[in-house]
């Protein structure tokens, strides 16, 4: 497990990992940790500054910002993670299949990906949300449609590399079917790359999805999503400018931690491959 | 003459791409779960009874088979008619024409800021890797890459426009109003370009001709000039595509700063389910991307003596 | 070290003197070149021979103070009153080009692909010799002619010229700065026999007015050009002395091996010639 060792050597990476785990834990335990109901308005007490009762104050409807932040972690992270997983699936499966099958399937998939990738993701996302309308699942679908070709192309390349190994050739000669080859030979080998990709890109998914929620195209207002909270804070900018600090800082920190961790994993994986390569050639 | 041969090489490639784009943006409306005729009626506060819907469908040409509708639409588009907005009945082409210059202006300013900032933050990593300046630049880039642009926009708005009153709060009036949106748009894109430039410069600095330059005792400034020109050449395509990329990414920033550009037009149209505007936006952006790509390739070919030769042959 | 040489030219000060030069990897301290000393007088030439990986190129680069940042140098390289290894950057830089010229191994990549040959000449001559465009162009043409190239090469881009032409351009460019010592790193590799001959003749002509340090793994080239010889093996100097003496009675196993290899390579040709004659 040199990947784990490489990770543990870097203090900041450990901090990022711990921070992310903490946020995930807080998100899971939100109902027990949150001091108040995130959706209960208290019009008497709106725009309150921080106090013992409301740690981070209250928003324009008098809702407790800290509780909303905790529940928001659920919403934001859950939403982003689900989108990441589905996008990975949507990209990896065709990518792997094409990589293993080679030939015309591969050419066709790669050509399609090239065409889709020649447009900026933003335009595709706006086009799809535009046609489907606003809503969390539609925003997620838009993200998925815009980003899957990238993963598909990447996975196709990786699978191609592994499909050329003797183990896979031997399995083919032995008459094993495609599902067996995929499950036994290809999937275990691409698992590492997949985890790195997922970590590296969860951050960018959080950014894209919360931007859509911020505009009102993703998660809809009463729900405490961080981007949506920022959208509400924006409307109260002149009255209570401090309201934009907690959700914005939360997004920044989580995305920064994801990016750092992803970069570290990426380097570790590259380094590990490099070492293996050296061992082969020396 | 050289330009013409380059064009002749590249033009056939983009025709199918443009065709595909048109099919895609036409198809997106057809895939939409809601009936355009019904949406159009609702927006004008007409109760959609079956008879009225049928009449509207006939008026909008929606009762024709798909291929015919596509070619009719394509014919209109090629004649500059992008349809009329469901909401205000205005010509979509006119609306886009009005919204295009602000977006181009914003994206161009942001491109300049981004390139200047990207270069400034990339240089310490080339000259003094590991120095304090380098570490500071890396830290800055790291946080810039994790910064949500909408939060950055709000922060800048609050501190520089409201508290310190240095810039106007929103809208488009004068060059001062351009500063904050352009900065907000540029900053999150900066890390990727800084990384690109740094990698290119480090790669070029290891080239043999740089050693030859130094062996002749040329001044560091001259050597740097050569490294710089060669690394810019190697990432010219990425640099050239940053303008359309930023134009496409401007929709969040335009919303925060009430910038009357294409992105805001499109987001408003999404809320109103104003399909002709969305369709025209997608078509325009995708078409612009293809054309820009071609232009950048041609420029790169013209600037590089090696490619210039190849293109002429 | 080279007693014969110093006796021959006693009284004249050496142009270039390297004292116990070593090169190490900065990170690990692993020595790549160790303890090499050499002296070069005006009008003389020194050949450095060794098989690939023996540190010849690194030695050349350290003589000019141009080691990559991942390596460190020790010892002294005295040229024109300065230590090229430890002098200030500007001081060492002023001595490069006009004092110490370096001919690189790969001529194909030695020119900036985005500028014409003329731009290379004009810029170097302006910066190093203070020549204006017209004067620089005349000088460039003169030196190109000496290397057997026509003046219209000036308007070519590097990618339009062959490796041999680029090699001669590089020689012309280096010579036009009029260095007193020329360090030539494998000047004949990657050249066909015809070009090799021409380059060797050119370099032989230079010896009279300047000092030449020629690095090669090709004994024939060194034999034709060098007055003295220094055999490098795994970063160390294993043998040195006048060329004829070293080649006539090689002391070190490595030298003998190099000689045998050369004989083994040329034997078939000699046999062919013998058979025909």
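We just call them A, B and C in the order they show up, numbering each chain from 1.
To be clear about the criterion, a contact is a pair of C-beta atoms (placed from the backbone, for glycine too) under 8 Å apart; a residue touches a chain by one contact, two chains touch by 3 or more.
Owing to the predicted nature of the structure, the values given are computational and were not obtained by experimental measurement.
Tell me the fewest steps from chain B to chain C, where a step is a jump to a chain it touches.
The fewest touching-chain steps linking chain B to chain C number 1.
Closest chain to the protein CA centroid?
B
With chain centres set to the mean of the C-alpha atoms, which chain is at the far end from chain C?
A
Can you give the whole-Å distance between the Cα centres of chain B and chain C?
For chain B versus chain C, the centre distance works out to 52 Å.
Determine the centre-to-centre distance between chain A and chain C, using the mean Cα coordinates as centres, and give it in whole Å.
Once rounded, the distance between the two centres reads 57 Å.
What is the distance, in whole Å, between the centres of chain A and chain B, each centre taken as the mean of its C-alpha atoms?
24
Under the touch definition given earlier, write down the residues of chain A that touch chain B in their complex.
Listed in rising order, the residues of chain A that touch chain B are 115, 118-120, 122-123, 126-134, 203, 207, 210-211, 214-217, 227, 230, 233-234, 237-238, 241, 244, 247-248, 251-253, 255-256, 258-260.
Applying the document's contact rule, which stretches of chain C touch chain B when the two form their complex?
61, 64, 66, 89, 93-98, 101-102, 104, 106, 109-115, 123-124, 127-128, 157, 159-160, 170, 173-174, 177
Considering the complex alone, what residue numbers of chain B touch chain C?
Touching chain C: residues 207-209, 211-220, 222, 226, 229-230, 233, 304-306, 309 of chain B.
For the complex, which residues does chain B have touching chain A?
17, 20-21, 25, 28-29, 31-34, 142-143, 145-151, 154-155, 157-158, 162, 244-245, 248-249, 251-252, 255-256, 263, 266-267, 269-271, 273, 275, 278, 281-282, 285-286, 289-290, 293
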